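Okay, here's the structure, questions in a sec.
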Amino acid sequence: MTSLTAPDIALMVSLGLVFCGIGLAFLRLSLGPTMPDRVVALDKMTVSIVAFCGLAAIWSGDAAFLDVALVLALVGFLATVALARFAERAVIRRNRAAINTSATTNEGETDHE
Amino acid sequence: MNSIILQVGTRYLAGILILFSLYMLLRGHNEPGGGFIGGLIGSTGFILYALACGTAQARAALHIMPQNIAVAGLGIALLAGIAAALFGDALFTGQWLFLNATEDSKGLPLSTVLIFDIGVYLVVFGAILSIVFAMEEEI
Amino acid sequence: MADPQHTQTSSQAGWIGLVPAVLSLALFAAFASQLPAIAAGDVQRLVWEWVPALGISLSFLLDGLSLTFALLISGIGGMVFLYANTYLAGHPQLTRFMLFLTGFMLAMLGLVLADNLIALFVFWELTTITSYLLIGFGHATENGRRSALQALFVTGAGALALLAGFILLGITAGTFEISALMAQGDTLRAHALYLPILILIIAGTFTKSAQFPFHFWLPNAMAAPTPVSAFLHSATMVKAGVYLMARLYPTLSGTDVWFWTLTIAGAFTALFASVLALRQTDLKQALAYTTLMALGTLTLFLGQSSSYAITGFVTFLVVHSLYKAALFLVVGCIDHATGSRDAETLGGLGRAMPVTAAAAALAALSMAGLPPFLGFIGKELLYAGILALDAKVLIFAAALIASNVLMFAVAGIVALRPFWGRAHGVPPRAPTEAPLFMLIGPVILGALGLMLGLFPAGLQTALVDPAVASLLGQDTKAKTLTLWHGVNLPLILSGATIAAGVMLYLTHRPARAALVWLDDRTPSFDAGWDRFLKGLKALAAWQTRYLQTGVLRNYIAATLATVLVAIAGTMFARNAWPQMPDISDASWPLIAICLFTCAGAVMTALTSSRIAAMAALGVVGIGVALVFIVFSAPDVAITQLLVETLVVVLVAVALLRLPLLDQNGRDTRPRDAALAIGLGATVTAVILAVLEAPLDRRLTSFFETASWPEAFGRNIVNVILVDFRALDTFGEIAVVVIAALSAYALLRATSPAPNTPPRDTPTRQIATPSRAERSNS
Amino acid sequence: MSWYLATPLVLPFLTAVLSFLMRFGVWGRWISVGGNALLLIAATLLMVEVLGAGVVAGQMGSWAAPFGITLVADYLSAVMVVITAITALAVSIYALADIDARKEHLGYHALFNVLIGGVIGAFLTGDLFNLYVWFEVMLISSFGLLVLGGSRAQIDGGVRYVVLNLISTILFLTSIGLLYGMTGTLNMADIARVLPSVENQPLVTVIAMMFMVAFGVKAAVFPLFFWLPAAYHTPAFSVSAVFAGLLTKVGVYALIRMFTLIFDHDVGFTHQILLWVAALTMITGVLGAAAQNDIRKILSFHIVSQIGYMIMGLALMTPLALVGAVFYLVHHIIVKANLFLIAGVVERTTGSTDLSKIGGLYRTAPLLAILFFVPAFSLAGFPPLSGFWAKYVLITAALETHGWIIAAVALLVGLLTIFSMTKIWAEAFWKHHPAGIDPKLTTLSPAERRALLLPIAALAGLTLIIGFFPQPFISFAETAAEQLLDPSAYLTAVLGGQA
Amino acid sequence: MSELISAALILLGGLMVAAAGVGIWRLPDVFTRMHAATKVGTLGSGLIMAGTAVHFGDPAILLRCGLIVFFLLLTAPIGAHMIGRAALRLGVPLWQASTPDTKR
Amino acid sequence: MNTLVANIFLTLIWVLFFGGFTWLTALSGLAVGYAILWLLQPLKGAPSSYFRRVWYWARLIVMFHYELLVSSLQVLWDIFTPTHLSNPAIIEMPLDVKTDAGILLTTNLISLTPGTLSIDVSEDRKTLILHVMFADDPDAVRQQLKQGMERWVIDAVEGDMT
Amino acid sequence: MEALLALTIGVLVATAVYLMLARNVLRFIFGLVLISNAANLTIFVAGRLTAGAPPLIPEGAKAPVGEVANALPQALVLTAIVIGFGLFAFALVLMFRAYTHLGTLYSDDMQVAEPRSTASTPSHLTKDTQMTERPAE
């Protein structure tokens, strides 16, 4: 890539922007503060990777990377669903525990994390 | 607990996922894909099903115990390898049959290699489901 | 230490013991038939190939020495079998006993006849095992088991040294055939490995023959039934060590080391044992110590090179075997009849047991060295041998004479007092004469002592001459066995011995009391054994506690530390460090991806939030997938993403029942961090070093050219998976199947998860109301 | 004739599939027995072929050598396959009485037979990555078998076993990747051919050490053995028998293969380290055994100790030493598997394997006593049992090379082995049962007795045969050692003209 | 021409993805962040896919890109719904949760 | 009927996957689709008639994209302005749409249009819980959604029922 | 490029090792995932890197056009990923079982297979286990 054309520049810039998006999502992921925040961040990252695959396909000139994107678009949300369900179940369990144990004691679990 | 949105979404997505997995399986020899990827995607279809509607329903839909699918897959893959003996070749030597072959195209390829990949698919599919289902049922 | 059969004595002997008795007597006859030929200087060899690859053959050598032993073993064996058949009649494990005893006898015969060092060793160990089983005949008692182990362990230890010695000898000489080794004596004695060979072999023989300081197992071995003691621990097995020293006499003897080692050990053992023999009140124990004395004497004589000494050796060997076996059998008769072996209390049995008494008297007189018994001839030769000692060190002579004095007294105590002395107590049972089969042995053996003493010439030509020739070569003649040498120094010494012996016998009670007093105040080797075992167990326990701590983290740390040391240490030792890495060629997207991945990894390591850890794992997975995408691996990237998704799904499911991560559950942070950083850096260094040279891509080139034309696939990766390397893939799906079956089994094998909280769960929870709780209310 | 090689590999998997699919009912177990009987026949045929040809190689998928995956059997591989088949058949018969229907339904036969398949694959493969795959097959099926009962002890033992073995697995995988990065090939013969021309020889030593550690964990050498005594006493007896007999031996086999065929470039460094490892392994193992009071724990630590002997043979790297290592491998598999099987019968008749809680077998179960005595004293190295020849050869090899210390250690450890074996003998057999039980074999049903004792007796008989007639085995091991030290026949068989 | 359209589309898409990132970083609570992630992010990815399709100009690739977008549109809201539901049930506090209609 | 439609739908996707129509892919797609639908029988219950509502579908698609674009800008604005102008709230909205497909479509489309996010549907399927970013007037939002997105979906999916 | 990945692998290994040494076996599992990724990347890097050229043969060609990425390590990594997943899944289930049956995720407190005397249990353990929550019923 010695002489950059407009599409190349657009590609690079877009790539940079996608990375920025992923990076910001990562920050949210690490900071939380609640469980759903982290799940949202991860979900967002997955979707961004789809975008990255598109850019990679353009960059390499090979459509094979679209297959990666296709798989990710279909399957990626499974992790989100699982994590969300995890968060939700935690509530049910906590509530059940709260009923079982006396009103004053509380579980050590902080489901927000 | 059960989400209507997820259940309804699953109805479409699970079918698409399984379809997609078969597609990835069949084209794997020439494009990205293959038995592993196919099996992994196929299993996600039923995992989604299990997450949305519970494992009992997912197991009912599957009809066969996932472990049996996996072991049968292993057997199919093995038979695909042993089949070479019928042709006097070494274990896992691919045997090919091209239907409707012309000089341009090789036609429709049928091969022990594809059978092997189907075995791989079934193994991955069955194995992942048996773990996930059993694990789900623990909760 | 009564034998277990006492309560169930039966006069009806079974037939089972007659089989080995007949066998051994037939063997005796067969060996005896060889006497003329051997006496004529013939040496017979019989060779079967066994392990030619290792130079080991089942070769046998019949010469004077081995014939002497073979006759003693089979002859005494026959009588012991007859004896035991009655002695143990009705015992539920009689068959087993006879089997072991027969096995022992055959092994012992193999030992003395073997002409190959390794074959000899095999028989040597077979005697050890059978002896272990026989000593452990009283296995129901703690003490019986202890004695069996002690004997096995001590002789086993010696045997291992012996094996090393044999191997070295074989390596040095280039052969294991004893008959071939004899010719190489001079070369071997000059060899650099002579000393180690000698030390190792002597370690073996000394333990087997119970020389000081390995003597302590032998008296304990008397836990075995009396026939065993008579056979193994006096007449045959303990003489295996002596036999071996004699067997290797032409090969190894004649050096200063040989002389001093055998002389000192033999003399000391003889004196030490005979003193201790006097101390014993158990008849069998007393006999056991006199056996030690005899073994010491034999060893002492083997140290010498004079013809007197060797003739004395051979004669005393025969003498001792005859009277000692007889005496053990007699003690067995006493024990059998009265239920007691206590020298302090027994007395006056002569009237009730006249035949036994007669046999005892014959044996005891031979033991005491009185004329006209063979014992006298033996003692005369011993004294002549002492006087011919290579080093005229008076102390050895004194030791030997002193021990003979003691022997004399012990002979009286053991064989005369119980029959003709005054009883000091009442034995558990009223004495009756022993059954016939138990008398045959003692009588014949005792009578032989007298017969051979009266007519020693036959013994001389048949056994002593050929045996001495085996040790000293055909050129050297044995000294003459005769009752009357004329009045010479040995005769005078004999007289003095008898006189002193009588004195000692008369004063043995106070002497014994003094010895008991002394013995109680000196360290005991037997107690040392217990301390040794205790120490061994303590060492084992300490080591195991130190290594196998049961703490998984320690195992992991040790394993990872080993990895680190192995890699980094080798890089240091072999100077395999790479050049400084050059990362200037990396594109910024790659840098971003790497940073992203690393950030995810660090976050996984440091977070204490479960969901953050899970998500961070996902980040790493995505980052790695991005690497695969950037570097053109769509199949791998897809697989990676799918697997990553499944990982998250599975972890999310599992975590529903798992507790929170601990906040700071780490007490070894510096160690862990050091290991982590060290391993990370090392792995990086190795990878960098590997990457310095270019890669040979011929495999890939082949796949690229063959993929479509030969394997009909355009996706090379998939073609590799399902065709070129299908076997890998097959194994891999087997892994997947089995992982699933295993996980399924693990989840289903156990009953449905217990409803109650698991055992270790603390019931009290830390009371910090969660934010969720607050906002809910 | 690649099917000579492929059949022993394929059969266990076929058996596994069929016995799993038929696992409800009695079919599964008999398929397992029958499959393993066929496996023994196939292994014997392979052995006959190898005896005729020296080294037999077959290219799987018909792709020529460095490109496809080669299966190859030299003397060492062939004998390991045969021994594996023997062990597998013995254990599958034993399992008829040892494994209950519940475990069968959960897939015991599939796990077991796949484990055997993995072991055979590891012995037969001539490809490094393929070796990794078979190691994984073994590993995961051993995980499953270990925890199949689901008891607390099994789960705890399983955690230890799994965690430590996974570390080794990852290291193995990494090492393969790096070696590929240096040589560009995965075929072991090809690597051996290419490696001398690699410029950076010091780095080859580094990689060699990585392999040494990776296989060292599998082989349970010092200081990497922790997982073994932590886990081997927990599973079903037939499972621990096959673990004890086969699994660590695959690690030893891999070490022997790698450090004769591939990493013989820096013997002064690598094999010297192996020698120290061997000595420390022997000592720590035998002392560990001395500290135990449970039959299976004693036997487990003895595995460690015995592994040291085999490593010693490799470390000395003389023809005779390798004879010793090979002979030891064969002897130890038979003997150690048998001892664990016997421990199972002991447990069935006395109620425990804890020595302080049992006893009385000598009096009332003499047959079992004899059956124990043979392998136990063989393990302790008493002549003329198989273990004696193994130790004899190794000690001779050590003394020939003036390895005084290692010879002394080997002898001393032999002595301490006697100590442990007699401890079991004295406590479980000689001593009276503390609870006053008369442990009789007749408490087992006739069918159970047949299934339990037949394999034990057969293995004991094998021990005796090797002990009394060692010549054919020794001369076989000699050829095996020659092949290991001079791999030209191996290279030619695998690579054809390229070698 | 198609190159420029493609460039514009991917640039715009990139901006959207980045904006979604900013949104997820800056917005005050999990629900508002979800707005950014789910739709702005999906939109961004969709635009980039459109750009990719235009870039290649191949009907097969166009179809594939269409499928990708379709799948994203199908799954993203479901995922968002699951997260939102969880957040709601967890009782994650709502930013400025003072509107009278607010339930729970 | 429903099954047939679904089957055709799956066949179509199958053909799309392979990137072109051939008889082989079509036939195999039918077969595969049939197999999958058989597999998923427990989930049965597909939209009623299909072809009649092509028009409504077209309207739905167009309107959806329009909404998507317009309200995206609104959210973007809020993201990039230093202060958050939005007044978010969780509101409930009664649902008229009945069928599964209708509910899914409605909720998804509501989620995809910025500013509104479907959080949950009540167990009785009568109420939709929404998160709204600009909820200054919740009733207005409800009204807008019911007359917009839900209407279009109902027309497209369940025209016969209303 | 390779060097940068080597560094990344180093970081992955370091974090994985740190996790593996933790008391909570769940962290070990996380470490296992990380180090598996590191091993896969190592194989991948050892096969050298080629950007933007997947090892696919275009329609009509008999071999890949131009230099494409090394396919062999890709196949190996793919195999390793799947095997790694199998091992991971089992390990996870095992740790899960360990918790439900042994009542703890702290390897120090699992004392069934290798019981230790309670006297030697470090005191800090009792303190830390209080941080665990009650398992679900």
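Structure notes:
Here the chain labels run A, B, C, D, E, F and G in written order, and each chain numbers its own residues starting at 1.
Keep in mind that, in the parts below, a contact is a pair of C-beta atoms (placed from the backbone, for glycine too) under 8 Å apart; a residue touches a chain by one contact, two chains touch by 3 or more.
If you want to know which protein each chain is, UniProt gives these names: A = Multiple resistance and pH homeostasis protein F; B = Multiple resistance and pH homeostasis protein B; C = Multiple resistance and pH homeostasis protein A; D = Multiple resistance and pH homeostasis protein D; E = Multiple resistance and pH homeostasis protein G; F = Multiple resistance and pH homeostasis protein E; G = Multiple resistance and pH homeostasis protein C.
Fair warning: this is a prediction, and the values are worked out from it, not measured in the lab.
Between subunit A and subunit D, the least number of touch steps comes to 2.
Put simply, the chain farthest from subunit G by mean CA position is C. Of all chains shown, D has the CA centroid lying nearest to the centroid of every protein CA atom.
For subunit B, the chain with the farthest CA centroid is C. Comparing chain pairs A-G and B-D, the larger number of C-beta contacts belongs to B-D. Separation between the centroids of subunit C and subunit D, computed from CA atoms only, is 25 Å. Put simply, the C-alpha centre of subunit D and that of subunit E have 57 angstrom between them.
Averaged Cα coordinates give subunit C a centre that lies 47 Å from the centre of subunit G. Centroids of subunit A and subunit C (each the mean of its C-alpha atoms) stand 67 Å apart. Annotation for subunit B: residues 3, 5-6, 9, 12-13, 16, 20, 30-33, 36-37, 41, 44, 47, 51, 67, 71, 74, 78, 81, 91-92, 94, 124, 127-128, 131, 134-135, 138-139 touch two or more other chains. The set of subunit D residues that touch two or more partner chains comprises 13, 20, 60-61, 107, 110, 129, 133, 136, 140, 143-144, 147, 150, 155, 158-160, 163, 167, 174, 178, 181, 186, 229-230. Looking at subunit G, one finds that residues 20, 25, 28, 38, 42, 44-48, 51-54, 56, 72, 76, 78-79, 82-83, 86-87, 89-90, 93-97, 100-102, 107, 110-111, 114, 131-134, 136-137 touch two or more other chains. Residues of subunit A touching subunit G in their complex: 59-62, 64-65, 93, 96-97, 100, 107-109.
In the complex of the two chains, the subunit A residues touching subunit C come out as 15-16, 19, 22-23, 26, 29-30, 32, 35, 38-39, 41-42, 45-46, 49, 52-53, 56, 60, 62, 64-65, 67-68, 71-72, 75-76, 78-79, 82-83, 85-87, 89-91, 93-94, 98, 101, 104-113. Touching subunit G in their complex are the following residues of subunit B: 30-32, 36, 124, 127-128, 131, 134-135, 138-139.
Listing the residues of subunit G that touch subunit B in their complex gives 54, 56, 78, 82, 86, 89, 93, 96, 100, 136.
Of all residues in subunit C, only 49-54, 92-93, 96, 118, 121-122, 125-126, 128-129, 132, 136, 139-140, 144-145, 148-149, 152-153, 156-157, 160-161, 163-164, 167-168, 170-171, 536-537, 539-541, 543-544, 547-548, 550, 552, 554-556, 558-560, 562-563, 566-567, 569-571, 573-576, 683, 686-687, 689-693, 695-699, 702-703, 706, 723-728, 730-732, 734-735, 737-739, 741-742, 744-746, 748-750 touch subunit D in the complex they form.
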